[in-house]
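To start, the structure itself, in structure tokens.
All chains are identified by letter, namely A, B and C, in their written order; residue positions are counted from 1 within each chain.
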Amino acid sequence: MTLARAASVILAKELRTEFRSRELLGTTAVFVLIVMVLFSFTFNPTSSESRRFGPGLLWLGFLFAGSLMLQSSFLREQTNDTLAALRLAPIDPFSILAGKMAANFLFLLFVEVILLPVFAVLYNVAIFPVLGQLLLVLTLGTIGLAATGTVFSAVAAQARLRELLLPLLLLPVLAPVLIASTEATIGVLGQPSELSLVWLTFLACFDVVFLTAAWMVGEYLLEE
Amino acid sequence: MATAATEMQAPSRPAISAPSVLLVFLLLAAASYGALIWAPTENTMGLVQRIFYFHVSSAWCGFVSFILVFIGSVAYLRTRAPKWDWLSVASAEVGVAFFTVVLVTGPIWAKPVWGIWWTWDARLTSSFLLWVLFVSYLVLRTLVDEPSRRATVSAVFGIFAALDIPLVYFSIWWFRTQHPQPVIGDGGKLDPRMGYVLLLCWAAMLGVMTALIRLRYRLEAMRSEVDAYRMDAARSGH
Amino acid sequence: MRLALRGVNLSIAAGECVALVGHNGSGKTTLLKIAAQLTQPTRGEISFHEGERPVALDEVKNRVGMVGHHTLLYDELTAEENLIFFAKLFGLPDPAGKAREALDPVGLTGRAADLVRTFSRGMRQRLSIARALLASPGLLLLDEAGTGLDPEGQHWLASAIQRLRNSGCTILMSTHGRNETQAAVTRAVRLEGGKITHDSGVGGDPKKILVLAAVRGTESGGEVES
């Protein structure tokens, strides 16, 4: 069974599980919303101020939400030791990680996309003219977040205090993503809008490096 | 199957030999003399600039330590030999110690010269983030009890953290190029004598680093041995 | 960190039905996990052969089924969805058909569309066994598969094991000793403190070891299956 096929079967399972209950997506979306509202109290959200500070707060919100949401990725597999069931199957162990990374990427992107208009309204920022560029930045940043977060979720699942541990591990490692995504978003929302090739390439590099690292060492995390 | 305990040698020699200790001590003494007395006083910043020798050399040693964490982590995953895990944790702790020195000497230098304790300049910020990264590594280790799982899990995180280092540096540097700020750097030209002293400080710090890592490595090896004895005792009392 | 197994040398021939007996903590589960390739032995190795020819470990996975301590099922999916998922992962053709087929022998066809979360302990155990049998395994590993089953379920399990034996399946199962499934057992191996203390051997008589295990089980208050 090829890696891609196995990963897509697992991806389908993850999607099916989540869309049945929708509890994770809903809770994550509400969390980001709360973060946005709270942040609005920290500065005066006029149009120009929002363009300067807004993106940073938006991405911080995504990172926090992500580091809480990604917990469940591997915790779910501990309930009935379904991780053992996955490992018993004749599939490449990395496909388990890959399927979950893809699922987490889609979940996070989904939450980000529905909250983008909310952000635009609350902070008086025009997003529609630059929607394509924004989505590009969101995608590249979220790949890094999902890939790293899924691997660290497997790490934290084996430790104590995992609710605190995952953010503790994830946020420092993702600092470059925060910087790059924020700067790229500020550029896109700026007047005039500009798409920073440097930051986008950097994000792509980050994604490639960490996806490769996950591919090479990720399966060690799944052993017993 | 031979028990783990009988396979390990009880350490009889000290981790670092007396001559090595003497060498490191001499290097450190020479470096201190060089930095505090022999090197010329810098024009603009005065006496406090001398801290730069220790600040920069500590940063370098911190780097080398974290590269050792990477090497240890990769080697552990490939060979599963515990000694690589011992190297990783020893290097991580020593690296954190060196970066603590960097983070403390930075503000000490900055305050008299620029009047502020901290600027988010590229180097200091990167150092801070590196410090946080490897503190996280150490925290992770305390939260996993089973030794082989702890070693595996921290090896994976160690690899990710180490790979993150160049990305951290670049992103912060490029950010600062876009948004310039006062830099706590080595303002002014480097007098050749300063160059020699810096080199000497590097050597001294490298010596200290090696000594500390060896000591910590030995400690970890001994802990591992104690665990093995405990295991044996539990088994025979079965 | 304890060593679960020490110096275990065990050879099992195709078609054998081996019962692993011993107290909790004697290493039975670890041995089964190694056979399932879920755990790597710290020292030593496991190998599978077809006649003289060794079979690649990856290939072997296709033909191994396991029932463990946990159900290995997703509570938020239906019984049918669970089986289809695993059928797909095992690369079986017509996963939906295979899933339906598998539900029948365990008597869960009527509950195919219900979430596993709503199942009783016994039903989950039966579904777990169905899951293990999906790919028609040549090697079946059972870790106290009878727990949670009512007498009817136990009876079904015993006859299923006999049927599997007749079709040439090799079975390695851990048991506390007193069990209906004993009838199909061809060999018994006793583990104590991670070591093999008794082995009735290929072609030997397993009954003595099994009876001994059952008696010891009641003496020391170990679990006795009802």
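FYI, a contact is a pair of C-beta atoms (placed from the backbone, for glycine too) under 8 Å apart; a residue touches a chain by one contact, two chains touch by 3 or more.
Quantities reported herein were computed from a predicted structural model and do not represent experimental measurements.
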Query = What chain is most central when centres are computed from CA atoms?
reply = A
Most widely separated chain from subunit C, with each centre as the mean of CA atoms = B
Inquiry  = Centroid from C-alpha atoms only, then distance subunit A to subunit C, rounded to Å. What do you get?
reply    = 39
Remark   = For the pair subunit B and subunit C, the C-alpha centroid-to-centroid distance in angstrom is 50
Ask   = Where the CA atoms of subunit A average out and where those of subunit B average out, how many Å apart are those spots?
value = 31
Request  = List, in ascending order, every residue of subunit A touching at least 2 other chains.
outcome  = 223
Note = Residue positions on subunit A within touch of subunit C in the complex are 1, 6, 9-10, 13, 16-17, 20-21, 79-82, 84-91, 223-224
Query = For the complex, which residues does subunit B have touching subunit A?
reply = 77, 129, 132-133, 136, 139-140, 143-145, 149, 152-153, 155-157, 159-161, 163-164, 167-168, 170-172, 174-175, 178
Task = Enumerate the contact residues on subunit C facing subunit A in the complex.
result = 33, 36-40, 58-59, 61-62, 64, 66, 68-77, 81, 85-86, 88-91, 131
Query = Across the complex, what residues on subunit A touch subunit B?
reply = 148, 151-152, 155, 158-161, 165, 168-169, 172-173, 175-176, 179-180, 183, 198-199, 202, 205-206, 209-210, 213, 217-218, 220-221, 223
